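The same chain A turns up in both complexes below, where it pairs with chain B and then with chain C.
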Partner chain A sequence: MGIKDRLIEDVGLREGVKRLTEDKIEQVVQTVLKGETGARLAAYSEICMRCGLCSEACHFYLSHDGDPSYSPVGKVQQTMAVLLKKKGRVSPDFIYGMAQIAYTECNLCRRCVHFCPVGIDTGYIMSTVRRICHKLGVTPQYIQDTAHSHSATFNQMWVKEDEWTDSLQWQEDEAREEFPGLRIPLDKEGADIYYSVIAPEPKFRTQLIYQAAAIMNAAGADWTMPSEPGWDNSDMCMFTGDFEMMGRLKRKHFESAQKLKVKRIVMGECGHAFRSVYDMGNRWVAWKMYPVPVIHSIEFFWELMKQGKIKLAKKYPGPVTVHDPCNVVRGRGHHEKLRELVRFLVDGPIIETASNREHNICCTAGGGVINCGPPFKNVRLDGSKAKAEELRATGVKTIVAPCHNCHGGLEDTVHRYKLDMHIKFLGDIIYECMEKPS
Partner chain B sequence: MLHPASSWDWQPGERVVLDSTGCPAPHEWQEEPYVAPDGETFGAAVRLEDGLFTMCVNGVPWEASFDKLWHPRFGPDGRLIAIVQQDGEWTLAVNGEVWPETYAFMWTPLFSLDGAVIATAIQQDGRYGLCVDGTPWDTLYENANEFSLSRDGQASAAVVQTQSLAAADIAAFQRGVFSVAVNGQVWDKTFVNAWTPTFDAAGQRVAAQVRLSLYDYSIAVDGELWKQNYACVWEPRFNPASGAVVAPVRIAGSWGLAQDGQIIWEPVFAQCWQQDFSRDGKTIGAIVATGYGKFTVAVNAKPWSATFPVVTDLVLSADGKRAAALANEYNANWRVVVDGQAWNGLFDMAWKPVFSPDGLHVAAKVEKRNRQTVLLDGKPYKRDFEQVWEPSFSPDGAKVLIRARDGGKYLRIVAQATDF
Partner chain C sequence: MHEIYNLVTGPLAWLAWGIFIVGSIYRLAIMYILAKKKDAPSLAYMSWGFSLRSIINWLIPFNALGWRRNPLMTVATFAFHICLVVAPIFLLAHVALWDQFFGITYPVLDEKVTDIMTMIVVAACLIFAARRIFQKEVRYVSGFQDWLILVIAVLPFATGLLAYYQLGNYQVMIVLHILSGEIMLAAIPFTRLSHMLFSVFTRSYMGSEFGGVRRVKDW
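For the complex of A and B:
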C-alpha cells in the first residue's frame, strides 16, 4: 500500500495543487534544495542503507501491521527521495500525496533517529519536505489556519489582545477567591520568571492558567506574564514550513521577555514549543541558543520540588503511567526529572509503558498532526494503535502527560480504543494535591 | 514639553523623597513601584482593605479607587496613568482623574514624545481601534493591533482587519484582509499581513511591513508598495532628516538594509534589525549578526569587530558619532558596549544605555547579585541600591539623575562625574 491508496480530501491540499505546474514545482524544489539544504540532507540521502531498522521505531508502521509505506524510510522514499531523483520535476498529484505523508503521517517525533544505525534524522527530512510544500502552497487547511493566526495575532488561536489580558485578569480574580492576595503580575519588569503559555490556554484551558498562578503563588515565585503579544510560545509555522514566520514568532517571543528584563522564561506544559525555542526558531533568527533561557514546566516543577517549594496536603492516588513528550524528552532529556517529580506527587508506582523514556512511542498528535484537523483525525487515530496497546497493557487509570498536543491526542486515543483512562497535566496533579488555604 | 528636563532640580546631591516607600493608608498589598522622569514622584498600586485598588503617590492615595487597576506608568511629562475598571467598564485614570469615556477593554497606552497626548487601544462592542485622549477613532474594526502614535501625538495608526474571516477560511486570508488605519481611516490596499506601522518625524507619513503572499514581503508607505519584494523584512524607519524609509530586508538567506526599495547595506548579515539614525540622518546603526551566533552593531554598514551571542538595545548619540548597545551570553554576563568596546564588568542584567545630549557621556543601569546601580562612562556610582530606575542626563550633560529605592526609602540623587 502506498500513499496513492489512502489519499484524503483536504481543501488546503486540493486547492494548493490546482495552482501547480511541473515547472513551478521544479523551480521551488530546486530553490529550496540549493538554497536551504546542504551537507546534512546530502549525507542522509547518501548514507541511508535502506536497512529498514527505522521501521520498528515508527508508530504509524507498528499500527498498520508493518506496512512498509508507513516506515520512516518508506516515507522518505515516497517523498524526498523522489524529489532528489527527479530533481524536483514531479507532478502536482505527487505533491498532494507527499504533503499528506509529511504533514499527517509523520509526527517529527524522531524516535527513528534512535533506531537508525547511522543516526539519520527523518524528522529533519520530513521538515524539509514540509518546507517545500509550504513554498508550493500545499498545506492542510486547519494547520495553515493556525499559521495564519500566528501571523496576524502572534498566537495560534486568533486570541485578540483584549481577550488575552481579560483572561488573565479573570483567572486572577477566580484564583484570588481561593488564594487571598494571589496575583498574576502583568508586565513586571525584572521578574525572575516570565511565564509563557500557548494559545489554547486562554482559549479553552483557562484552568491551566489558574493552576499555574496557584502554584507560583504557593511557591512564592517572582514571576510575571506579559500583557502584549509574544506571550504564546507555540509555533505552528515551524510545522507548516513557514520558517520566515517561525523566525518572526521567536523574535517576538524573546523580545517580549528581553523587554521585561526577566531572568528566564518558564513555559507551560507544551512540547513542540520547546523545539521551536531552542532548536528551530532561535536558529533561523541566528541565535545559537535561546537568548533568554527557557525552562519547561517539567524542569520548573522538579526544581520547586527539590527546593521544597511544593508542599503537598496529599498525594495523588496511583498507580499511574507516564507519557514522555517527544520534544522535551528525546529533545531535552527530561525523562528522569519527570519520573522523580511523578514519584513525589503520586502515591503508588509508575507503571511504565513497554516503550518509555527516550524510546517512548509518540502520542501521534505532535508535529502539527493534530492541528491538521478533522479530515485527518482517523489517520491519526489509526496511527495511535501501537500507543494504545502499550497504554492498555499498563492496566492503570491515569496517564501523566506534560504536553498539550499529547493531551489532545491521548484523549482521542483513549476514547477510540476504549482505554478507560484519564490524562493529567503535572499542573493538574500539583494543584489538586498542594496545600491550600483552609 | 510641559515639564522638560531643563526645569528639573539639578542641584547636586542626594535627597530622600520618601522616608518610607510603603503606602501609609491601610491596604492589603502594594504592587511594583514606578517613579516620574524627574524623580520627584513615587507611585505604586495598592489594594485597599475594602478590596478596591488605587494608586498611592508619594504616600498619598488617589481619592478615587477602582474595581481593577493595572499598567500604572508615568508619562514623559510626569503624569501618572493607570488603566482602571469601574462597574465593568474600563477607562484611563490620569493623576487620579478618569477620562469620561469608557470602553469594554483598554490596553497599550502610548504617549506622544512630550507626554501631552495619550492614546490607548480600545475594544467596544467587539470593535477595535485606538482612542486619543479618550476620544475613539470614528471607525473601529474587526480587530486591531500593532498600535502606533506619532511623536507629536496628532496622528495614530494600527494594523486593522478590514473584513470578517469565516473559521479556517485560508483562501480569504490569503487574498488579504489586513491593512493599516491612520487616525481610523484605512489605506486603500489590503495585505496578507501588515506589521509595525511607524510615523515619520512630522507625523505625516506612515510606513509598515507587509506580506503580499505567504512568501513575498515588502514595505508599504502611505499605502503604496515598494517596487521590490523580499524573502522577509523587518520594521521600517524614516530617516529623520531626508524622510527616506529604511528597512532590513532578506535576500538569498542574508540580511541587509534597503532604502526606498534600493539596497544601501549589502545583504551579507545573518541578521539585521533595530536600525537607528543620527539626528542629521547621515549615520545609520543597526544590530547585525556577522555570522551564525555572532551578533554585534554595524554603523554605516561597518560592523564592530567584537561579536557576542546576543546584542540588544542599540542607541546612537544624537550626532551619530557614537553608538552603544548591550551584549550578553544568553541572558547572563551582560556587558555595556560603547563604540565597539565592552566596558569592564559583567552584570546579571543591564538596561538600555543613555547618551548625554552632547554625546560625550554614556550612562546605563546595571544589576549584579540583586543590587542595582548606574554606570557612567564605565564607572559605577559610588554605591548600589535595591533598585534604580534608568538614568537621565541634565541638559548640559554634566550631571546624572539617579532615582533609587533602598532601605525602605526612595532617593533622588543628582550625581556628578566625580561621584562615579
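For the complex of A and C:
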C-alpha cells in the first residue's frame, strides 16, 4: 500500500530524478525548509495527532475504497513527514513517488480543512512539497510545458502576441453579425472593467470570449481587454511550485491593468486564476491583497443580475445541479451568489449534490492535476468516483460549473462514469437565454 | 517507600512543573520568533474575530463537518479532553494536596463524579488505541510518538484509579500515579502533546484565513 505500488511513467518526472543525487536533494530540501518555511510547517508537522479524521474529506481516499495511502495525512506521511524526518536526505526514487503524490493525487482543494480539529492545512503542505519538486527539477512534463509557456510568453498556451489580438478581432467580427455594434475594445484607458481570461480561451475555447463580449455588450459595460501580455490571468507556475514565476505573472497582470488605469479587473469563469490573485500570487509578491480590485465572473454576473442588466428572453430548462469550484467557493465564498444567479437563470430547482457549498467535493481536475496530462488521466478519473456518485444521485441532466478546470475534469468524469449529463458555464447559459437582436 | 514518596511529591514535582511551565514558555517564544521571521505572509491575516469564530465553532460537538462524519471520535475526544483537564484539577485528593502544601483551597467535585471522569479518560484512551490498531487509515499513519503520548496520557489516570480503589500495592501505585502525572506534565512541551500549546494558534490561523481571505467557514 502506498505510492510505490502505483508509479506511473512520466518523462518529466523520470528525466528529473535521473539528474539527482542524495546530496543534491538534501541541499535543495534544506534550502526550502530553512529559507521558505517557518512556524506554520513546524507546528503542522508537530501537532498533527495522526487521528485520521481528514481521510473522509478526500475524494481520492473515498474513491479508492478507503485506501489509507490516499488520505490527506497518508499523503503527508509519504512525503513531507519523510523529508522532515530524514532532514531531506532521501533517494531520487523517493522524489519520483513524492512528486507523483503531490502533483497528481492532491488537488489542493482544502476540503480536509473542514475535518481537522487542530487546523492543519494539508494543501499548504502539499504546495510546499511541490515547491521542493520544482526546485529539484522533477515536475510532470505536461504541466511543466505550461509553466515554460508562462515564462516565455506570460501566457499558458504559447499564444503569440499577434495570435492573441487576432483571436479577439476574429471573435469581434463574428459577434458583430449577431450583435451589430458590438466591440471588443482593446487597450481602452480608464475603462470600468478590464476583462481577463485564461490562455486556453483564445487557444481552443474562443466561444467563451464571444459570449463574454455578447454579455458585456448587452449590459452596456465600459470594458476593455489588453492587447499586450498580462491578459492571461492563469497561473500554472503556482501549481508546479515555480513561485518566482508565479510572482512575475501576478505583477505582469496587475501592471497591465494599472497601465490602462482601469477601475477593476473582471475575471472569466476560472477557479485557479482566482486563487492565484487573492491567495498565493499576491502573498509571494508581498501584497496582502491585490493592488487592483478583482472580481470573479460569478460576482460580476450576479451584479449585472441585481442591476437588471441581464435581460432574459427565456429561462434555461432545469432542474440543474451546481458544482462549487474549490477556488471560488471554498476559496472565496461565492456559493450563495452562484445559487442566486442560477435560480435567476434556470427554470426549475437546483438539486444539490450531497456535499455542497464550501463542503463540496472537488472535480479532481483542479490544483494542476488535469494539467499533468494524459499519463495521469486514468488516475485522475479513478479519483473522481466519489464526485461521480454524488452527481449521479442528483438525477439531473445539467451541471452548472463556473470554472474551466472543473469543466474539463467533469466532462471526463461524466464520460467515464456514463452519467449522461452536460456541463454549462454561467456564460453559456446567460448567452443562450439572453435577449438578442432579432 | 517514604523517601520515594517524598522525592516524587517534592523535588520531582517541582522539576516536572518547572519543565512544563518554562518549557512551554520557551517553545511558544521560539515558535513566535520563527513565525515573525518566516511566516509574515500568514501572520498578516491573523484576526481576533475570525480566530475566535473558528475556535468557538470547533468547540461545539457535531458542529464541524469532520465531527459530524466521525460521531464516535467526536464523543470520545470531547469527553476525553474535558475529563482530562477537569478531573485532576477538581479532584478532592488533589485539592487536599494544594491545601496541605500551599494552604490553597477551592471547591471540589464529588468523588463519584471525578471517579467516573477518570474512567472516561481511560475508556477514551482505549478507543484511541483501538482506532490505531483496527482502523486502517489511522494505523497507516500511527508511529512511535502516537503510542508514546497515548501511554503517557493514560498512565496517570489508570494508576489513579488503581490507587483510589486500592487495587494492588497502594504505596507503589500512588508513587507511580504521581510519577506518571509528572512525566505527562514534563512531556507536554516536547512531544506531540504540545498540541495543547500550539493548536490554538493553528486553529486561529485557519479561522483567520478562511474568514478573512476566503470568506467561508472553516468548520
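In the analysis below, the second predicted complex is superposed on the first by the 438 of 438 C-alpha atoms of A that agree within 3 Å, B and C clash if a C-alpha of one lies under 4 Å from a C-alpha of the other, contacts with A are read in each partner's own complex, and residues count from 1 in each chain.
What we mean here is this: contacts are C-beta pairs under 8 Å (C-beta built on N, C-alpha and C of every residue); 3 or more make two chains touch, one makes a residue touch a chain.
What you see is a predicted model, and the numbers here were worked out from it, not measured in a lab.
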item	value
Which superposed partner A:87 touches (first chain B, second chain C, both, neither)	neither
First, second, both or neither for A:116, with chain B first and chain C second	second
Contacts of A:242 with chain B and chain C, given as first, second, both or neither	first
Partner chain in contact with A:1 - chain B first, chain C second, else both or neither	second
Touching partner for A:306 - first (chain B), second (chain C), both, neither	neither
Partner chain(s) touched by A:422 [first = chain B, second = chain C, both, neither]	neither
Touching partner for A:286 - first (chain B), second (chain C), both, neither	both
Intersection of chain A interface sets (partners chain B, chain C)	36, 283, 286, 288
Interfacial residue positions of chain A with respect to chain C in the complex	1, 36-40, 42-44, 46-47, 49-57, 61, 66, 68-69, 71, 73-74, 77, 113-121, 278-279, 283-284, 286, 288, 329-333, 335, 358-359
List of chain A residues in touch with chain B within their complex	11-12, 15, 35-36, 134-135, 137, 141-142, 144-145, 148, 151-153, 160-162, 165-166, 169, 181, 183, 185-190, 227-229, 242, 244, 247-248, 251, 258, 261, 263-264, 283, 285-293, 373
Interface residues, chain B side, partner chain A - complex	28-29, 31-32, 68, 70-71, 104-105, 107-108, 121, 123, 128, 143, 145, 161, 167-171, 173-174, 178, 192-193, 211, 214-215, 217, 231-232, 250, 252-253, 270-271, 273, 289, 292-293, 295, 309-310, 312, 328, 330-331, 348-349, 351, 367
Residue ranges of chain C touching chain A (in the complex, touch as defined)	31-32, 34-35, 37-42, 44-45, 54, 58, 64-67, 69-70, 73, 77, 131, 135-143, 146, 192, 194-195, 198-199, 201-207, 209-210, 213-219
